[in-house]
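Below, chain A partners chain B and then partners chain C, in two separate complexes.
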Partner chain A sequence: MELRIVSKALKYIVIGVFALWTLVPLTWIVSLAFKSYAEWRVSYFVPKNPTVDNFVLLFKPQELLGKYGVMGATAIIESATKPLLNSLVVTVAATVLSVFVGFFTAYGASRYRAPGPFTLFFTLLTRMLPPAIFITPIMVYYSNLGMLDTYFGLVFLYSAVTVTYAIWILKGFIDAIPVEWEEAAMLEGATPTKVLFRVVLPLVRPGLVVAGLFIFLLTWSELLFALVLTNINAVTLSVHISKYVGAVGQLFGPQAALALIGSIIPVVIGYAIQKHLVTGFTFGMVRG
Partner chain B sequence: MASVLSMSKEIPRSIKLLATLPLNILLNAILIIPFAIMIYLAFLKWSPAMGIDWWEAPFTGISNFIRALSDARFINALANTVTYTVIVVSIEFFLGLLLAYLMLEEFVGKKAILSLIIYPLMLPPVIVASVFYLMFQPYGPVNNVFLRAVLGEDALRITWFLNPRLAFTALIIADIWQWTPFIFLILYSALSAVPRRLVEAAQVLGASSFTIFWRIRLPLIKPLIIVAIVLRALEAFKMFDYAYLMTGGGPGISTETISLYIYRVSVLYTDISYAAAMSLIVLVMLAIVIRLFIWYFFERVR
Partner chain C sequence: MEAEVAVDSVSKRFGDTVAVDGISFEVYRGEIFTLLGPSGCGKTTTLRIIAGLEKPDTGRVYIGGRDVTDLPPQKRDVCLVFQEYAVFPHMNVFENIAFGLKVRRIPSNDLRKRVVEVAETLGLTDYLNSRAGRVGLSEQQKIALARCMVVEPRVLLLDEPLTLVDAKTRERMRRELREIQRRIGITMLYVTHDQLEALMLSDRIAVMNRGRLVQIGTPIEIYDNPQSLFVAQFIGSPTMNFIEGVLKKYGGNLFLERDDFKMPLDAIAKYYDLEQLVDREVVIGFRPEDSSIDAKGALEGSIELIEVVGDKLALHIKVLKDVVVKVYTSIYEDVAAGSKVRISLNPGKVHVFDKTSGRKPLPIGGEHGIP
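After this line comes the complex of A and B, so read on.
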């Protein structure tokens, strides 16, 4: 009996330690984001004079950088407004395209074996390889096409590398729909296309949402492609975040504030599809 | 899916078009053409600085590949990446499994704890890198709060990113922080799905909960353990964001990963044809692993 209590206590301690370890970076970032310039390098977690200066600086860098005596940084650090909007536009567009293409493919794969297994495995392969492998040819190809630093370039690339998630997540959802309903519609004379749009599409709507949110999460997080393919016009939030690291004057406070802002959307989305995260991350190999 | 629909062999033309055409256009235009370009580039000597277009560049046979295999920095990057992958996957697997085991039974507040420990998974790696860059600053909380409690004032002199070992450790810590929940979540889902009756039958026979875990649950989820490890290893092998932001591959090239090195050769040194050759080498290496994995998971059973 005593052994039981000890082992139970040990179990809670381990879980507690792990929860704490998960929480510390979050707490530190929240605290740092609200600390004033003088407190960026101190050890306590609770800011003495909480301020929103760091957040203001992100969007109006010129006004506050002078105050910190790091004018050199104005040349590097621009307002976060544009990267934030760029990220939203690119991510939403890429997600919609990816889910759109993925839905048709998933339906074909689930019900008719079209496309064949080779194409499906090819999409898996592209997703499992390091993106760094693709940057060289894509860079050359896009520069020939004039697609560097454009929304289109990023949107198409992001859809191409995430479409495999759309296919595998949606295939799971479509597999779960009783095929008899489609057959019934067909017996009443509906064309295959009509069945697809009128019967399957409404039924699979939750799947579209899950696949879409999951792909949004991945695309929003992407750094390498954006770093290589954008320069001024289409800079995404990830690239903007990377500029703060080691920036002139070491803008720790704003860096933390930006991390906080950049995490809000993905974390909200992540919790919205919490049950499906496993399915998503494993291409449907594991059901959440 | 055995059904009338799939058993009738012919595929309606409209469905075939919808299911294959958009996907093929997207894959061909965005991935396959560049992929072909990459293979071609790998056998050329070309850099934009040469002032000619790549299709006019001189053909140099396999010299790029020979150069890669004798390039100490390429080998270093490969070795770093493999070491990194092995270390993080081992630790994450151990921690993830331990946590999945501990979380199996119901307890008060389990839902909340579960939600809490998986949030790092949702964060963009670039943000995690940025956060851990801040954490590991000489006056950051790692030194200033935690190590200071153990080492005293000396802790403030630890410069994580100027020491090769410590820089590597910092990357590993960031990875473990973010991705242990990944392995945990897969194993936890798999373990929870083990049929209750099997567990109950063993309980009736007097097996301890540890024996049940070791002898019944774990063998049943073996395929999913392999999925978790392989997918995590492939992701760890890609590692770019942490190294790019936290250490910049430094000090020197001590934490340079293969992704970071290819990025630099390609984007900073604009030695395009050489970067293409290195990419191709990595691709062939990984394609073999991935093919085996896909075979294991999708085809072996059927």
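After this line comes the complex of A and C, so read on.
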């Protein structure tokens, strides 16, 4: 009896520690985002004078400098509007491109066997090296091709490095579709293109959602590539967030506020497609 | 009669395995033609070759007189009902049936009419708005059939469509299938490993073994006159009785001999040219219903087991130390396990096979039917 209470208590302690471990940084960001300047550097969670200044000032860089000019900021930090839009455009485009290319590649890999030693495994190669290694050559190429600081440059790179996830996730989904469904469709008069779009595509929709969300999150929060490859025009949200604390300032409050905004979007998307996610993760298990 | 499907010396190998080994046959308009054989005999591969899902290594396939060997499945004017995965789970029943019409861009009025019509024929009207994955297994097979019927193919191909439904439903669906086929007069090419199903359903049966066609005929021909030991062993439930031995000739009379067992074969020699098999190993086969308990019978044995099978008795009679034959007799027959009885055979229904080749000797006067 006592043993049971002890083991139960232990279980809750372990769970509690893990919960703290994951939730503290999040709570800290939420708390900091609503704190006023005076409270940024103090350690309690609940702000004494909650304020939305940090949010407002993100989009009014002139006032930002005026308000925290002495202590916080030493240079003008651009409004967060453009980085937000940039991130949205780049992430959506890269995700769509990656999933699109990934779907066709995965279909081919699932249904046909390519000659030669090239297997799908090789698509994982780029993921095995630390990105820091190949960012330098990419920067040189981009510089020569005029692709630095452009949407196209970012979309191209992001879709190239994430497409392997799309391929592997979608291949699992396509493998789970009995080839008889496609054969039946063909015999009923569907051309291979129609089979692909009317039978295979609707059936892997949960897979498209899972792959899409996964790639969206990866791309949305990517920092290194964007930091190296962008400067003014194509600065992404994660790069912009990093600017608030560092060489140009110590603006903890606005940084937390922007981080909060930046994490709301994936959470909202994740919530909206929750239903698909569940089918997505359990797909392949339902088949006997 | 006109051939709707003609298969001309088609072969197909997968790696080192020869799946289909130079087979030829024709399926006539409006008949149910069954490819029957044990699993791995090449029947499904043959069907898939006809459907265009596999390419034959050699040989040609004709459908409606047109060489379709190089055409893709959607241009062959055939449709295939699969054993499994019959319906698209992401569509409802109506959309499933309408699929083939939709990809052909049939206008929606016409489409609706045709779908409803086929659904009525198959008794699916009540299910039209259900999700296809939710209906029962037998309805799913009907939906698969409906999907094929609605596009009005020249030939309907069916690959063991009833294997997965339960025994009772299977029997009912077999009858329904037969009845629908009669009504709409469509040509069906049916594949099954279930010999009872083949016998019940088919106009003609082609028995396959190891990639080859071993016999083509009506169900009665196949049952009554198996041309090889394989067909004799494969067809019939219960299976045929077999006795092995050497064919001997003593003083003008023929015997099946084995050790000190001797069975006169003169009555049977009237039907077959047995002379060519003298001194060779042969197998004698007869069905339980073609034998009876008879004091004057040529075979003797002791009753090992008595089974009541409906309105008759099945006697398991030991005629040799390792041969037990099954004989049917009236349920009123006075028999006891352990007693000795004699068995007489209907000579016209006894089959003789060369043990090495598995073939049958030539019949005399064609009385036994022509292969």
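Keep this in mind: the second predicted complex is superposed on the first by the 247 of 288 C-alpha atoms of A that agree within 3 Å, B and C clash if a C-alpha of one lies under 4 Å from a C-alpha of the other, contacts with A are read in each partner's own complex, and residues count from 1 in each chain.
Please note the rule applied: a residue touches a chain if its C-beta (ideal position, glycine included) is under 8 Å from a C-beta of that chain, and two chains touch if they have at least 3 such contacts.
Everything numeric here is computed off the predicted structure, so don't read it as measured data.
After superposition on chain A, the partners chain B and chain C are seen to fit next to each other with no clash.
Of the two partner chains, chain B is the only one touched by A:A109; chain C is not. Once the two complexes are laid on top of each other via chain A, the angle at chain A between chain B and chain C, using C-alpha centres, comes to 90°, given in steps of 10. By the touch criterion stated above, A:P25 is placed in contact with chain B alone, chain C being left untouched.
In the superposition on chain A, A:I269 makes contact with chain B only, not with chain C.
When chain B and chain C are set side by side, the one touching more residues of chain A is B. In the superposition on chain A, A:L203 makes contact with chain C only, not with chain B. In the superposition on chain A, A:L187 makes contact with chain C only, while chain B stays out of contact range. This overlay, made by fitting chain A, leaves chain B and chain C with a least C-alpha separation of 6 Å.
The interface of chain A with chain B overlaps its interface with chain C at residues 183, 191.
Here chain A touches chain B in the complex through residues 11-12, 14-15, 18-19, 21-26, 28-29, 32, 41-43, 45, 97, 100-102, 104-105, 107-115, 117, 119, 121-126, 128-141, 156-157, 159-161, 163, 167, 175, 179, 182-183, 191-193, 196, 217, 220-224, 227-228, 238, 241-242, 244-246, 252, 255-256, 258-259, 262-263, 266-267, 269-271, 274, 277-278, 281-282, 285-288, going by the rule given at the top. By the touch rule above, chain B contacts chain A in their complex via residues 1, 3-6, 11-12, 14-16, 18-20, 22-24, 26-27, 29-31, 33-35, 37-38, 41, 54, 95, 98-99, 102-103, 107, 113, 115-135, 137, 139, 141, 144-145, 148, 177, 181-182, 185-186, 189-190, 193, 224, 227-228, 231, 234, 237-238, 240-241, 244-246, 248, 258-260, 262-263, 266-267, 272, 275-276, 279, 282-283, 286-287, 290-291, 294, 297-298.
Those residues of chain C that touch chain A in the complex are listed here as 51-53, 72-74, 76, 78-80, 82, 84-86, 88-90, 99-100, 102-104, 144, 147-148, 151, 157. Those residues of chain A whose C-beta lies close enough to touch chain C in the complex are 178, 180-181, 183-191, 194, 198-199, 202-203.
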